[in-house]
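Next come two complexes, and both contain chain A; in the first it sits with chain B, in the second with chain C.
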Partner chain A sequence: MNSTEIIEKFRTAARDPFHCVRSLKKEKHCPVVGYTCTYFPEEIVLAAEAHPLRLFGESGMVLKADAHIQAYGCSLARSVFEDALSGQLDFLDVMAFPHSCDTMQRLSDIWRLNIKNTVHLDLLFPVHLKSEAAGDYLKAVLERFKKELEQALQTEISGSALSGAISLTNRIRSALHSLYRIRAAAPERISGSDLNRVVRGCMILDRSTAADLLETLADELGSVNFPAGKQPVKRLLLSGGACLHPDIHDIIEQQGGAVVWDDLCTGNRYFDTPVPDGPSPVSAIAERFLDRAVCPAKHSGIDRRGKELSELVSKYEINGVIFLLLKFCDPHGFDYPDLKATLEEAGVPSLFLEVESGKPVDGPTRTRVETFLQILNQQEPMT
Partner chain B sequence: MICCGIDIGSVTAKGVLLEESKQIAGAIRFTGYNAGNAAETILQSLLEQAGLKQEQVDAIVATGYGRNSVNFADKALSEIICHAAGAHFAVPAARTVIDIGGQDSKIIRLKENGQVTDFVMNDKCAAGTGRFLEVMARALGTDLDGFGQLSLKSRTPAAISSTCTVFAESEVISLVAKGEKRENIIAGIHASIAARTVALANRVGVVPAVAMTGGVSRNIGVVRALEKHLNLPVIIPENAQLTGAVGAALLAQKGK
Partner chain C sequence: MSKKDFKKSAAYMESVPKMKKIMRNYYLKAKYARYLGRKVAWITSGGPVEPLIAMGIIPVYPENHGAMIGVSRTGVKLCEVAEGMGYSTDLCSYARADIGCSAAGGGPIGGLPKPDMLICCNNICGTVLKWYEIQARKFRVPLFIFDTPFVHTEFTKEAKTYVDRQVEDYIRFLETVMKKKFPRDKMNVVGKRSVEAMRLWQQVLDTATAKPAPLTAFDAFFHLALIVTLRGTRTVLRYYRFLLDELNRRVENGIGMVKTEQYRFLWDNLPIWHRMRWLSRTFAARNAALVADTYTSAWCGTVDHIDENDFLGSMGEAYTRIYLNIGVDKMAEKVLNMIDKYEVDGLVMHSNRSCKPYSFGQYDIRRIVQEKRGLPVLILESDMVDARKFSEAQAETRIDAFMEMVGQK
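Take a look at the complex of A and B:
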């Protein structure tokens, strides 16, 4: 299979994830576990021979969820809940809510009261990831989730199955990291919108299939020698929650820019840091969650996100940062002013964009992106 | 060198011809439903005024929301870049530009050389824009030309609490029904626009000198309300409505 065919498989999955997973369930007779956030132990689900599916909210029009969540609530939560209320998620066997942000905690409660045909599980993640108790506490949370999942699916998760699942997810992380490095070195090898679909596809497709496809894709895209000189593009970094608008990348690329790295949960935060080796697989999974790139819903030191962002900017020679926030994501909104100030101190221009889950990128957003790229290009002669 | 800037806004289409840094023609008309036709009409008007043929124009840059509909332009640039260039040309001391047009408002921060360092635009909502004023003028049975002057007569501006255009219109109708003086209502509307604009401006910071461009800069009531909220003078360039088109023409020159 060549790279075009592989990318098309990820595009298809990202375009219609529910059809993709319904087909998978029919073919493999495996239970499906839905989840809402990257603070989720896919490994435990895989070890139970079930299929983990990250929900991104496919409903553009919110008709039913408005009766439960205010219009100024997180657009991702509203869209995901609309999927559930409209029956599109009736193939889920288990719905799991990692308690990442306040909205997801509340969504879990609303879901439990209104969606009755799935097993409902919560993962009460710690908020302060560097506290003394966080490691032991998180390990206990994961052990409890494992036990509850075993009961729900009437199965037993063995240590060897868990180790195998860790190897599989680490293969995906490693291959995604390779793809990102290829894109950072030669952005023309794969478009930003396709790389976004590849990452999202990894959270939708059968994970063994995804790992095989990713490794082949990384081999193929990385096999050609990189050009000696730097490409004449403005190198951008996207920072925010979930990027569900791949067309943002097309607008950026039309203006001579390229997103060469990101700080997104549909990107770097999904594949950052492998699960380490260790005597206990569950402890190792917990350890990764405490160490990986942090999300604003968690606390890991008052300036950690700013430092991580600055390190990415420096490492990947970033010319500008675009903050891409879903309406109305409070945790990212609260972090934004400090992150912007950190970048300003370093002389790195940034742009703030707010987009809505399930809605296309509108004209004013396009104008903002075009303007930002034109500002970055100001020093250069017009062509 | 003769260069042309065409600014297709949501309400009006504007154009200028510059010969070096001298404006030799300028035109404004309603955009209407066909941005391409509006641009064509503007260009013909400019050429007629200057007694030129299109082939004598060295470069054309289009800007504004309809910029990509101007087929004869050599390049399309965002209105923020063009307004900044035009404002810097007219008011070289400007470090902050407030541009309020028909359906959006923007705050632009500039360096000494006129380059844009940061900007912020209003969100999808049209509150605090020219369209908001149009709706309010209709509700008050007056036209926009007298709106600004009338508000200066007010001593006790009415409080307008809604930021939504439609809800604010309802509020205005209620105030009219209560017998509130028209100038007080208009002054309240201007204060509401100014407060919203200054809140937006504070996201990128306000550094003097402050210049204002766009159609709403013709409204002296909004300008005075902005000055009060900013506690700074607001400089209005001559022909402020043409600032984006002038900037587009200047950037066309630079690109040649």
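Take a look at the complex of A and C:
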């Protein structure tokens, strides 16, 4: 399979994730576990021979969910719930809510009260990730989830199955990391919108298939010889929650820019840091959650996000940062002004965009991106 | 109405000036803490204040300050300062007003005294975590996070271990910051006082079961300040005993806060601080009294989980099980209990754009209340501090429609 065909598989999955997973379920007869956040132990689900599916909300129009969540709830939560209420998620066997923000926390309650055809599980993760007590608690939460899942799916999860699942997810992380490095070195080898679909596809497709496809894709793209002396490009970093707007990349690229790294749930935060080796697989999964790139809904020191962003900016020679936030996303909204100030101190320009899931990037947003790129292009070209 | 006439009216309560004096002294002491050789801790409204009291630290509540900003109608101006810094208008208005006030000063008391430490308990929301991180970066003072796992359906064994361990972490944090040993003997006394204060506060709220109710939710929002800020002190006990006596006398004499009380309602969510008087008058003009609320009772709702002889050993669980940290169905159960207890004719819900954990789930609670009690429910969309998100005309129309439904029952 060549790179175009592989990318098309990820595009198809991202375009219609439910169809993709329905087919997979039919073919493999495996239970499906839906989830809503990157702080989710996919490994435990895979070890139970089930299929983990990250939900992003496919319903553009929210009608039924309006009767349960106010309009000032984020579009991601409302849209995911619309999918459930309209029966599009009837193939789910288990719905799992890892604790993240206030909205998702309440969505879990509302879901439990209104959606009756799935087993409902909460993963009450700690918010504070920097204390010994939190580390121990996190391990206990994962152990509980393992037990509850075993009960729900009437199966037993062995240590060797968990180790196998860890190897598999680490393969995916490693291959995604390779793809990102290829993109950072030569952005023209894969478009930003396709890379976004590839990452999202990894949370949808059968994970073994995804790992094989990713590795082949990384090998192919990494070995292509491109002519030297390519045009300089403005190197951007996208920061925010889940990016469900691949079209933002097309706008950027039309203006001579390229997102060469990101700080997103549908990007770096998904694949950052492999699960380490360790005698206990569950403890190792917990270790990764404590160490990986942090989400603003968690606490890992007051300066950590700023430091991580600055490091990415410096490592990938970023010319500008675009904050792409979902409207009504509190954790990201609170972090934005201080992150912006940190970038300003380093002389890195940034742009703030607010979008809603399920709706295409609108005209004014497009104009702002274009203007931002034009301003960046007026600066000294990169050498 | 002249001052003299007001003193003779049913709305007058002797406790009110007493309370104002206590709060004035409290804020003065906090403002001049440095000169008194005292340390100041900023703490979230649902946070464990008792160890601070035992340690002699003055607790200051940005949320209480937020309420004062709301009442004084300086919220919009301060929120706009924060918005100018890049904080979205969709973020919590307490946080925006506090961040704005910290940056530019202003507000009803000219800003809060600078903190020596920050104590953040996320049992009320995830917003406080972000808010306190911002202030920790601004003031560069130690931040302690008391992380209380959410209780969707059960308080798990591992959550109990986790919060109990954090109580000990909290004590160690205070010892490190204050460079002195934590006084466990004093803590026992403070713990007992805190439990007594919660019981007294519950008794205060219970007086509203009388018909007519001697106080309304609007009064409770005012008298609440002490159970939030200073529980564990003698001042609180003295004050609530005084208030309780006064309320019991009103009950004995049949004095209601709404003279023409015909309808009784339950309020849900934080007050709309900038429209307290308007709402109180609007409902009173329709012979309606908001006799109870889910908000003020949150500060005594978990008293049964506290062992007053082992306050530190039991406070982790009590602070984790508070009203805002439990599942929507559990909240609905509490609402139903209050409906029965206070014999109300309807439920008024403030859909508060600033408080997502309080507001999301209200539509399902409304459905449960309608199904199980057949009561009319009014939802008013607004914001606790940001007056730009409230329309009197729209609210009045909704209240009139609601009163019509109540009248038909």
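In this section, the second predicted complex is superposed on the first by the 371 of 383 C-alpha atoms of A that agree within 3 Å, B and C clash if a C-alpha of one lies under 4 Å from a C-alpha of the other, contacts with A are read in each partner's own complex, and residues count from 1 in each chain.
Methods note: contacts are C-beta pairs under 8 Å (C-beta built on N, C-alpha and C of every residue); 3 or more make two chains touch, one makes a residue touch a chain.
Predicted, not measured: the structure shown is a model, and the values here were computed from it.
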Checklist entry - Of chain B and chain C, which one contacts the greater number of residues in chain A? => result C
Next on the checklist: With both complexes superposed on chain A, which partner does A:141 reach: first (chain B), second (chain C), both or neither?
Outcome noted: second
Checklist entry - What is the contact status of A:194 with respect to chain B (first) and chain C (second): first, second, both, or neither? => result neither
Next on the checklist: Let me test your reading of the model: by the given contact rule, A:297 touches which partner, first (chain B), second (chain C), both or neither?
Outcome noted: second
Item to check | Touched partner set for A:378, first chain B, second chain C, both or neither | outcome: first
Checklist entry - If you stack the two complexes on chain A, which partner ends up touching A:272: first (chain B), second (chain C), both, or neither? => result neither
Checklist outcome for this item: Check: chain A residues flagged as touching chain B and also chain C 352, 354
Checklist entry - Where on chain B does chain A make contact in their complex? => result 65, 75, 77-81, 104, 115-121, 123-124, 251, 254-255
Next on the checklist: Looking at the complex, which residues from chain A come into contact with chain B?
Outcome noted: 349, 352, 354, 362-364, 367-368, 370-371, 374-375, 378-379, 381-383
Next on the checklist: Could you list, by residue number, the parts of chain A that touch chain C in their complex?
Outcome noted: 67-70, 72-73, 99, 101-103, 105-110, 112-114, 122, 124, 126-128, 131, 133-134, 136-137, 140-141, 144, 296-297, 299, 302-303, 327-328, 330-331, 333-338, 340, 352, 354
Item to check | Touching residues on chain C, where the partner in the complex is chain A | outcome: 85-88, 90-92, 95, 122, 125-127, 129-131, 133-134, 136-137, 143, 145, 147, 149-150, 152-153, 156, 158-159, 161-162, 165-166, 169, 327-329, 351, 353, 356-357, 359-364, 381
